[in-house]
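Once you scroll down, you'll see the structures, which are given as structure tokens.
Note that chain A is present in both complexes that follow, paired respectively with chain B and with chain C.
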Partner chain A sequence: DSHIQYERVGADVTMKCGSMDWDAAVTWTANGTDIDESHLNGSYLILKNVDLTQSGQYSCYEGSSWHLKYQTYLRVGTPPKEPVLMCRSNNYPKGFYCSWHLPTPTYIPNTFNISVIHGTKEMVCEKDAFPKNRCHIRYLQLFSTVKYKVTLTVTNALGKSSTTVTFDEFAIVKPDPPESVVAKPVPNNPRRLEVSWQNPSSWPDPESFPLKFFLRYRPLILDQWQHVELSDGTSHTITDAYAGKEYIIQVAAKDNDIGTWSDWSVAVHATPWTEEPKHLTTEAQITETTSASSSSFMPPPTTKICDKGAVVGSGAVAVCWTAGLVLAAYGVLFI
Partner chain B sequence: SPAGDSWGIFTFLCAALCNLPALPALNCSEELGAGQSIQKTYDLTRYLEHQLRTLAVPYLNYLGPPFNEPDFNPPRLARATERVPSATVDLDLWRGLTDNARLAANYRAYSRLLCYLRALDGQAGTAELRHRLGHFCSSLQGLVLSIAGVMSSLGYPLPVGPAGPSVPPGTSVAPNDFLKKMDDFWLLKELQTWLWRSAKDFNRLKKKVPPAVVTLRLEARGF
Partner chain C sequence: MAAPDSPSAALQRRDLCSRGIRLAGKMRSDVVDLLEAYVERQGLDASASVAAVEGVPVAAAERWDEQTGTQRLLENLAAYRAFRALLAQMLEEQREQLGEADAALGRALAAVLLQVSAFAYHLEELLRLESRGPPSEEAAGPPPASHLSLFERKLRGLGVLRELAQWAVRSTRDLRQLAKPSPGSSSAPSPAESP
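Coming up: the complex of A and B.
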């Protein structure tokens, strides 16, 4: 029958051929390949300073009969180092989850044991099916003055290690990033971008536990971000975008009163509205024919109206022209 | 001309709508008052929370070790829970609180906390700490009054019974200095917890009491 044997990296391993005498004639194989006699001390197999590559199946056969006398599976690994443990509430006030990982792999199987203590009570952290190194807890009480103490112990055949984190209920609140971030140009507005998003779906009760948001945006060509903090609503219009430049936009969320900011949302790209170049030639022709025959009443259709925000470009001229026409029509109506 | 009449009406409506926020509270229900004072009370709790954060460090340093150590996490003794009202509450129970119950719980808690804080005043360490405590007490007094204002504007009676501790402060003095400091430690903790619970309580109340604008718009259409 077969055994499993766990040994530390760098250790010296001695394997005995089951109940065979020391001076019996045997042959050892590693994964089916014969092992040279130089590694033998009588019928014992000596492996010095083992490394990971030496993991495998080792078998011992009686010299003449080639009977299988002993078989073992060698797994070379390390005892666990102190694990990294993190707890977070992205679904406040429902509860929180804790997740963990080992800073370096052990190369052998590990078991994790987690304990959560709240005051004098021990709470059960239910392990998630996926991802594996995660468990979740439901809050039974809210607004607790007593801290939570979570201890994670990692054990394997070569040793164990543990770590503890202690925290207040409100300190670990961190929502998931906002979802469905959409940025659209605004027709006839070359410096605007309309951004909208939704509360993260993991946040269970935005009515009683409202979120506030942080928006950041910059044109792709610049490194400096601009920031806007919004205390309510899930949309915002950027009004100072550079005309014609592609922008990158992200949003983050935070509970209005407690905890920390979420990670940034997925970035969206958008470019503000610009006038279609082909329209300009027809507009120009109209300008030439009408300006010749118009009365002095017609207000000059260009810069005065549009000075405020527009960057001069082909689009801007046509917009101003339309605005001028509208004003002229109004003037006629009221005289 | 017909065009002139409709223009006139349009101008009038424009003016009316633009001046809506300034309309006097003529036919406004009492809920308009409550909506604004709920917001004010919410803002007060945030302000107090900020004040408490700056007060906490000198306060804990006055209590000295182990109270001012960041890892200090003592068990809650039965004695402490009797004296200082706890913000901790079962989740479903908290959700199901009526507006009246929610407000009353806040009112009772802060009234008692204020009383305990005032009992502290004369004993606190440095003059600076005493001064800060005094300022905090005044603000806390303002919060209690603000909550009372919300309750009366919504037509709820103020909770009766002793506003102070069930036992006068002098008689139930802790048997030793350390236990007395434990009481002071928990007082600070409960204040912190109540303040961030109140933010959530008033958020919930804000949603349930109709906002001012809605009420006024309905009034204007009656023209």
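Coming up: the complex of A and C.
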């Protein structure tokens, strides 16, 4: 008959060949391969200081008849270390979820048991199908000052370990990041970028539980972020963008009154509107202009620049003028 | 007075709700600061668990989302009236206990008391708009605390301020619900007027 045997890494394991006597002649195999007699003590198999590679199927055959007398599946592993547990409400006021993981693998199956206590009441945390190490729970009460106490116990064949977290209803509220962040240039406005986004779809009632937002943006070429906090609305116009520079923009969300900020949204890139040059010059002239000055004010080569000879015809070209003057100034410096 | 469902009443309600939300926001911010100062000055442990104290209105609500507008207003009003009396009592005790030694704490308590009174009045205005009129106040105040030891009174004070901070958040949510344009927000049967 066959069964599973769990042993700790580093343990010494002795396997008996079923009901065979100690002095019976037997052959042991590991995953079908014969085991050398040096590991035997009579008919017992001795494995010293086992490691993970020694997991597998061990079989014992009677010497002459090769009848299978015993078979076991050896699983080498470790007892669980203290698990890591966190709880969060990204769908306030509906409920919250708790998720956990082990800091190091045990290499053998583990079972998780979670208990949630609110005051004197024990609540049921329903396990999610996916992801596996997660459960969710509905709030039975709102605005309670009584703390929640969540205990997670991990058990396997070699031992158990548990951890407890305690928290207030408000403290764990953290929305998911805003979704569908879009940044667009504004026609005829070389210093503006229009950013819009949506409430995270997991937030159930943004009308009654409004979110506030934090926008951060910077040109790719700089490290420092600009920040704007917005108490309502899901759009904002940046008005101080550097002309012609590509920007990276992110948004975060927070309940207006409680909890913590979400993670940053996926980053979006956008470049403010720039005017097409009015007079087309030859490639050579443009190249000459760009190489003559080498200050940090120069836009990256792929971005269009205004030709110095552009006719002043509209308000937007004023920027071209300024760029032209800067180029001229630096040109003078470097000639 | 405008009929409760008329357009002008709806506008008034929205206006009162917006102002109420701002009041509640400021009140909460001040209560949180007061809590910090109170814990420090009274030598308490900020994470101490305080059992539910008699006479302190508990902010926790089951089926909060199912409440009618009138229910919300009545529960809020009852709570803030109770807090008004409790804070007045705390202020009295604090003066007796420390005299002039901790004037700053006393001033902070008085400032919060003022805001609680103002908020209670604001709620009464909203109830008048619902054509319900606010219920008359109970004659009895909070249960006297004279039998409690000094330490027990301090813990009680902690409980009061914690629940008040929670209520300030709840009130913001209640007023937002109230401000939503919804028919029959006051037509559902309400619980007994006197708490």
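Brief remarks on what is shown
To be clear about the criterion, the second predicted complex is superposed on the first by the 278 of 335 C-alpha atoms of A that agree within 3 Å, B and C clash if a C-alpha of one lies under 4 Å from a C-alpha of the other, contacts with A are read in each partner's own complex, and residues count from 1 in each chain.
Convention: a residue touches a chain if its C-beta (ideal position, glycine included) is under 8 Å from a C-beta of that chain, and two chains touch if they have at least 3 such contacts.
On a predicted model such as this, the values are computed, not experimentally measured, just so you know.
Chain B and chain C, once both complexes are superposed via chain A, clash. Touched residues of chain A, counted separately for chain B and chain C, are more numerous for B. In the superposition on chain A, A:149 makes contact with chain B only, not with chain C. Using the contact criterion defined above for the overlaid structures, shared-chain residue A:257 touches chain B and also reaches chain C. In the superposition on chain A, A:247 makes contact with neither chain B nor chain C. In the superposition on chain A, A:61 contacts neither chain B nor chain C.
Contact with chain B, but none with chain C, is seen for A:120 once the two complexes are overlaid on the shared chain. Residue contacts after overlaying the shared chain place A:6 against neither chain B nor chain C.
Residue overlap on chain A between its contacts with chain B in one complex and with chain C in the other: 93, 140-147, 170, 207-210, 257-258. Residue ranges on chain A touching chain C, taken from their complex, read 93, 140-147, 170, 207-210, 257-258.
Chain A meets chain B in the complex at residues 93, 119-120, 139-147, 149, 166, 170, 207-210, 256-258, 333. Partner chain A is touched in their complex by these residues of chain B: 3, 46, 49, 71, 73, 75-76, 86-91, 94-95, 186, 189-190, 192-194, 196-197, 199-200, 203-204, 207. Chain C makes touch with chain A in their complex at residues 25, 28, 49, 58-62, 64-65, 162-163, 166-167, 169-170, 172-173, 176-177, 180.
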